[in-house]
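See structure below.
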Amino acid sequence: MVDSEVLDEQAVEAADASHSAKVGDHQPGSTGISNQKLAMWAFLGSECLLFGGLISGYLLYRNNNQDGPAAAEIFDIPFTSVSSFVLLMSSLTMVLALSAITRGDHPRTRLWILTTALLGAVFIGGQVYEFTSFYREGLGYTTSPFSSAFFTLTGFHGVHVSMGIVMLMSLYFSSVRGKLKTENAETVEIVGLYWHFVDVVWIFIFTVVYLMAKGI
Amino acid sequence: MRRLRLPAALLSVVAFVAGCADDAELDTLKPEGEYSEQIDNLIDPIFIVAFLVFFLILGLTLFMWAKYRVTEYEEGDWPEQVHGKTSWEIGWTFIPFAIMAAIGAFTWILLSDLNATEANALPIQTAEGEVMWDPHVVVVGQQWWWEYRYYFDADKLEELDDANGNPAKDLPPADIVTAGQLVMPIGEEVELTITSRDVIHSHWIPALNGKRDAVPGRFSPWKIQANDPGLYFGQCTEFCGLSHSRMRMQAVALTPEDFQEWVTAQLADAETPPGAEAWLEAYRAADGSEVEAPEATGAQRGLVAFTQNCASCHLVQGVNDLTYDGATQVSGAAPNLTHFASRTTLAGGILDLYNPDGTLNRNNLESWLRNPEAIKANAAPERGMPNLGLSEETIDDLVDYLETLGPRPSDEMIAATQVD
Amino acid sequence: MSSETLSDTVEAGMHDADHHDADHHHHPSDRKYVGIAIGLAIITAVEVLTFYVDFGPLFIPSLLLMMFVKFYYVCGWFMHLKLDSPMFTKFFVAGLVLAAGVYVVMLSASQLWDNI
Amino acid sequence: MLTTGFKTFFGWALLAVFASLVYGWVSGGGGVGPLSLGWKGGVGDHAGYGILLWGGVIFGALGALLVSFRDADAEAAAHHRGMNSAPAGQRPLDASYWPLVAALGAATTVVGLVVSQILFVVGIVLCGAAAFEWATYAWADMATGDPDANRELRNRIMLPMEVPMLGFAAIGVIVVSVSRIFLAVSANGAVLVAIVVASLIFFGAVLLNFKPDLPKNLVAGVAMLGLVGVLGGGIWGIAAGERDFHHGEEGEEHSEEGEGHSDEGEGHSDEGEG
Amino acid sequence: MAITEEPPLELEAGDPLPEYAEQPLGVLTRPSGNTGIASWLFTVDHKRIGIMYGVFAMFFFLIGGLEALAIRIQLAVPGNDFLSAETYNQVFTTHGVTMIFLVIMPLAAAFANYLIPLQIGARDVAFPRMNALSLWVWFFGGLFLCSSVIIGGWWENAPDGGWFNYAPNHGVAFSPSKGIDFYAIGLQITGIGSLVSAVNLIVTCLNMRAKGMTLFRMPVLTWMLLITQFLLLFAVPVITVALFFLMFDRLYDANFFNPDAGSDPLLWQHLFWIFGHPEVYILILPSFGIISEVIPVFSRKPIFGYKVMVFSGIAIGFMGWGVWAHHMFVSGLGPISVTAFSMSTMLIAVPTGVKIFNWLATMLGGRLKFNTAMLFAVGVVSMFTIGGLSGVTHAVAPADTQQTDTYYIVAHFHYVIFGGALLGIFAGFYFWWPKAFGYKLNERWGKWNFWLQIVGFNLTFGPMHILGLQGMSRRIDTYSEGFGFELWNLVASVGAFVIFLGVLIFVINIFVSQRQAKHLPPVGPDPWDARGLEWMTASPTPEHNFDEEIEVQQVDEFWFRKYDIDDDGTVHRIATGDEVAQPGTATGVHLPAPSYWPMVLAAGLPFIGYGLIYNLWLCVLGGLLVAAGSFGWVFEPADDPDAHHGGHDDHGDHDDDPDTDPEAAAALDAPEGADDVAIESEEAPVG
């Protein structure tokens, strides 16, 4: 949870650009690239180690289900596949939003940002459903090392998605209030980077955690 | 040696080597077994290399201090502005690399030696007759004492598996179970299988080999060997909570004959104080209901008190092994006291059980029973032995009884002990 | 599957690219994005297929391969790594490689592969 | 000089403290418990009592700050600038819909007291939000003579709280509703519903993308319908209850012992969102 | 909260406003001005932030040092009962945690914050508000950690699992007090601070460099700090994961480290040391950087092998990732892992050795002036070597089975940390003090400071080598007579008090020197005839750092503006430092405005922490603070709009000289110069 503060921080930095107009369009850094984008990428590099650790913890305990349900028994692949599709498509809508704002097409920017957020919310709804149903089927957070690791990993991902939705909603409100100008496209891009990263993590989780549960 | 110390204090680096004192029972530089000698043989030259490197650096620094020091800068007094010299730099990249490579090679060799085990066969008389024993002890750490388990039937060891849960809490019954003192035959490679029932501890008898952690859920292999009979001190070295400092142990190395004698004695059930056999019989038959107790001797009364107060945690083979249902401890066990008086220390190797003159050290034992927490900070009743609030008479009786759980160790062993 | 062939499969008539502001960055067109997304969706479908169809010994390798391809496309195109400053790629790849290296060693030391 | 700002906040503070006392008593506290912060005697429901009291403290502190620092004190400002008289305050320009929310909140709270704890909390939250917004509006509207400045003022304070709250609320509604529907229908049904909902969102957006000049009212109407659909579905889901989950062999035992924890586990992700 | 940020009163048109009326009314306006306590609390100036890191870290140093003294008193004689076992365990744990996370790391951060922008010729860091955020997050996290000593009873609730806090001893079953919750959450919070500042400083180093300041013209210190930030960037998330696992285990009964559920306690060790070993290089590299600046200046020679210095630093940073398991040689890893990690660890000696020899080569043939800064720097070279060499003896895995968890290890790491990192930081204090405060520290007191410290240090930690080899375990609250531990423990304890005296003299020196400085001429921009850009502006550094952007042409740019080298290698002065340096008098430079939000945001975190431990409602409060803080931040313009109206005097500490310097003003009007300045400062406020 604390980590999400860091995310906040990123959101904040990202959104900052939208409010100091002079910064958005001109980036005089020594390398010629934008500070904010560099910061976001550095942060994403760091996130790789965060999720790497969580995934390793999961891999270590994936088969240690004690007396509780095992991964292969409990996963609902059809449903998770749909969730994965939803998240994947939200990446598409996210780039479309960016594309729209670079064109100065604000109605479409808002449209795609809102769509992205909604798709994200559906994904989270699916996760809440999944957690609840697992729980009902006997997989509590404390049931086994497998369950702890599973809920922690996917929970962290869920928190990341939720933070992303909050950022998107902020962008949306800014845009509605007319504060998200064309020259702030980079802010959208940066939030987008975060969003795609979260999607990429899910690509990994979906394959390694869900699909491979069958084989190993 | 002792005198050498003062001058050494002036140059603590030199004292590094000289620091081995006569009374340093845990000294890592005084090996008494094959493996510790191998380590010592590896590290001594490395210490010398390290000294040389250090003196080189220090020497160069002092040299430059002497040669190039100025107190004030004068305008225009500038040395040659050297920006680097590739050949030098290659030199001091390569030479340390070569040194490290050499050290690395020897390290590698020794590592594979230390991790290899060989199968030995030591004939041992057990109740079932002679078995060929590949010396091997299962070592279980627990807050804050060590348990040693001997399995003469190698098949039993196969049952140790580190799959799920903490298997150390549920080990197969062993032939001999003792606490605080690891008894071993000299000259033999004794394999250790080290594990823990609660937190991580580390088993270390410096004179015989380096240490190995006792990790719950894991069975870590290690081995020790002693050249000569004797008592070798050890200390738990992984921080394990409150009384980590008071978690000690000794390795007792015996000649094969003495070792056989020890085994024979340990395999027997505990002796019941004379005159109490009938009571014990009746008690066991009564399945918990009141049985009139004998009152004649302290040991007899002690047996009764023990059964009432202590038997829930402590196992005494032949006395309460039918009713004992595991300790009320987080870790599920307390020291097995079957042949308690055959050890020379108690309470995790921190108190002498015998006086130098060979008599029982009643003082130590009594104060332990009076209030264990005062001697060893603990978190009883979950972890460690609680203060049971016993009366002085009961304590006396209990000591009388505990003394019967022999046989008494040899005088040499008693003389060698003296831990406090 | 190159991205070009992917985008070729896209129906014409998606959003006109002529709104595209040529001078801003050099972001690909919406058409390209949609194409990639369709490609990703197809791969995901095949991934899901492994759950129903027995891929035999190819099961894990094929999943890893598909995962990698998806990963590559999202990072490369949606996150513009292919077009943006290489500095970003360096940062990200540094994190990825470090994470992979360190954690794989850690898991190996924990005997993970033994009880897989 | 007591400014309107002070009065508003202080009024709220008094009200909140009073409410906390009442609540402390009626929820089962005894004697002087609520008066002594639970030191001498008990307080009924600590959570509600705590929130109310805390709200009171905050409002009080804000009020005190305003008066002691003479913030938004037109007369002080006038004096500071060497003017003879303060400009007249401005009446609120916008109609306020907060009283409505407050009424709704109050009703929900009362119903919640009887019916369910969740409703009660929702009611309290509504009341609190309404109170806060209302108070700030009222204050900001009269802070200076310039409506634009007032609006700016209000935004400065409120936006940092409103935006995340609204964001959360928006996600929360959808997440809760959708997941309730999933839970109520069968496993395959959940897949189907997920596909339908996501497709509606996605293709709706695609449609709008190509037909940007659909009549505004139509779009708004359809969106509203969608929202109502999701919400309605959620409410139906709650009403219908969860489908039967088929327990694992030892499922029973586990779910019992894991009860509190799993909730906390989930609470975690929620906190993260907060 | 900027509640009434200049609500303009409706005035009748035409009324002339008196000057002061432009000042907004009420304290809840956006912070402004550069005097008083508020100017420190809400500052976003990298220099003030750096200084605050230093001051707070010294405060924690006092705490950690007192704990060390308590340890030494307890161990001075066998069987002592000055501290109970319970207390002792808490004391050494908090000692370790405090010293590492709240002393050495922030002291390094102090130098990083103060010096990186100056050394690369920037006006501020890339994200000034983020910079303030990292300071406060770290500081509040530190206070949170330390509060465990008081909350719930004096020394009842502090963490007691050792600084590396192994599983499963850190579980609730074995450590039922709240201490380890404080540890987990406190380190989590300080970790956020480190991560934020790592991102910020990396972007600063890469993107804010002055014209011509290519990466390979950056000073070695900046390089080492940059590497450190990369290590932090990648290492912090690893311990974040570990701490989350721990927290969930303790608070919500998860099963990450529960052996009874078949979990592997070594998972914690791996995660901790994957972070922990890069961490030790995080501690040492800044110090390496510092002495790489000090030694050349007082040898009157450039650093020997600049690029090699940089590359060896990079190599250390890289290799630091592949050696963590050398802390786990006896944990039962298996021979292959042990061998591999033993070898990789030994390799680190090579790049480190290169550095040592390069420093020596820098001194070789130089004009060595042993003032206090230089003494400390040379102290590092020899003392760190001792620690490094004992490190190599641990790297020999079989030998480590005898050494690990004994005082020999304690000796090793105090030699590298105290003898390496801390002495280096003291060198830095003496060296840059005049830059930061405008006066030099007294040399006489300085020498006392140095000698007491170095003697006390060797007296304390030298004997620990012997103790360790004699078999004294670490983390024991007492020891028995008869193992030969008595003498050396007593010596070590005496030594600790000598160190205390030494550090005390440093503190005294600050006050003495400050008083003396009043009677001395100002030190001028370049008191040491130094080499880096930071000396090219006035001392103390003006708030805007540089009057105009510097164009850099080589390493040691400043030095080459003062001196010229003939073909035959002789050095000629072409200018004095005073001539080359900028006067630092520019006015009207537009700087980022102070802000409350970083502090509000940071203040929320400890509440969340207490909430997780004691009562979840506090989390709600903390969460609100965090949310309000971050969104308030988002909606706050990075720039203070007032500044555009000219109402604010934002440009540094020239309050004594309100009249605008005509030249500087002219420079500002000049198109190119003005543009540069404006763009620079526009960029900075983005954070």
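The first chain written gets the first letter, and so on, giving A, B, C, D and E; residue counts start at 1 in each chain.
One rule holds in what follows: a contact is a pair of C-beta atoms (placed from the backbone, for glycine too) under 8 Å apart; a residue touches a chain by one contact, two chains touch by 3 or more.
Computed from a predicted model, the values in this text were never measured in an experiment.
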Fewest hops from chain C to chain D - one hop per pair of touching chains: 2
Smallest number of contact steps required from chain D to reach chain E: 1
Furthest chain, CA centroid comparison against chain B: D
Inter-centroid spacing, chain E versus chain A (mean Cα positions, whole Å): 32
Between chain D and chain A, distance of the C-alpha-averaged centres to the nearest whole Å: 25
Separation of mean Cα positions, chain C and chain A [Å, integer]: 15
Whole-Å gap separating chain B and chain E, where each centre is the average of the chain's CA atoms: 42
For chain C, residues contacting two or more additional chains: 87, 94-95, 98, 102, 106, 110
Shared-contact residues (touching 2 or more other chains) in chain B: 164-165
Contacts with 2+ other chains: residues of chain E: 206, 234, 238, 248, 252-254, 261-264, 266-267, 271, 627, 630-631, 634-635
Contact footprint of chain B on chain E as seen in their complex: 84-86, 89, 161-162, 166-169, 173-176, 259-266, 299-302, 304-308, 330-332, 335, 338-339, 342-343, 346-347, 349-350, 353-354, 356-358, 360-361, 363-370, 378, 381-382, 385-386, 389-390, 392-393, 396-406, 458-459, 462-463, 465-466, 468-484, 487-488, 491, 529, 563, 565, 569-573
Residue ranges of chain A touching chain E (in the complex, touch as defined): 1-3, 5-6, 8-9, 11-13, 15-17, 19-20, 22-23, 26-31, 33, 35-36, 38-39, 42-43, 45-47, 49-50, 53-54, 57, 60-61, 64, 66, 141-142, 144-145, 147-149, 152, 156, 170
Of chain C, residues touching chain E in the complex: 87, 94-95, 98, 101-102, 105-106, 108-111
Residues on chain C engaged by chain A in the complex (per definition of touch): 19-21, 24-25, 27, 29-30, 33-34, 36-37, 40-41, 44, 47-48, 50-51, 59-60, 63-64, 66-67, 70-71, 74-75, 77-80, 84-85, 87-88, 91-92, 94-96, 98-100, 102-103, 106-107, 110, 112, 115-116
Footprint of chain E on chain D - complex, ascending: 47, 50-51, 54, 65, 69-74, 76-78, 80-83, 86-87, 143-146, 149-150, 153, 155-157, 159-161, 163-164, 261, 264-265, 267-268, 271, 274
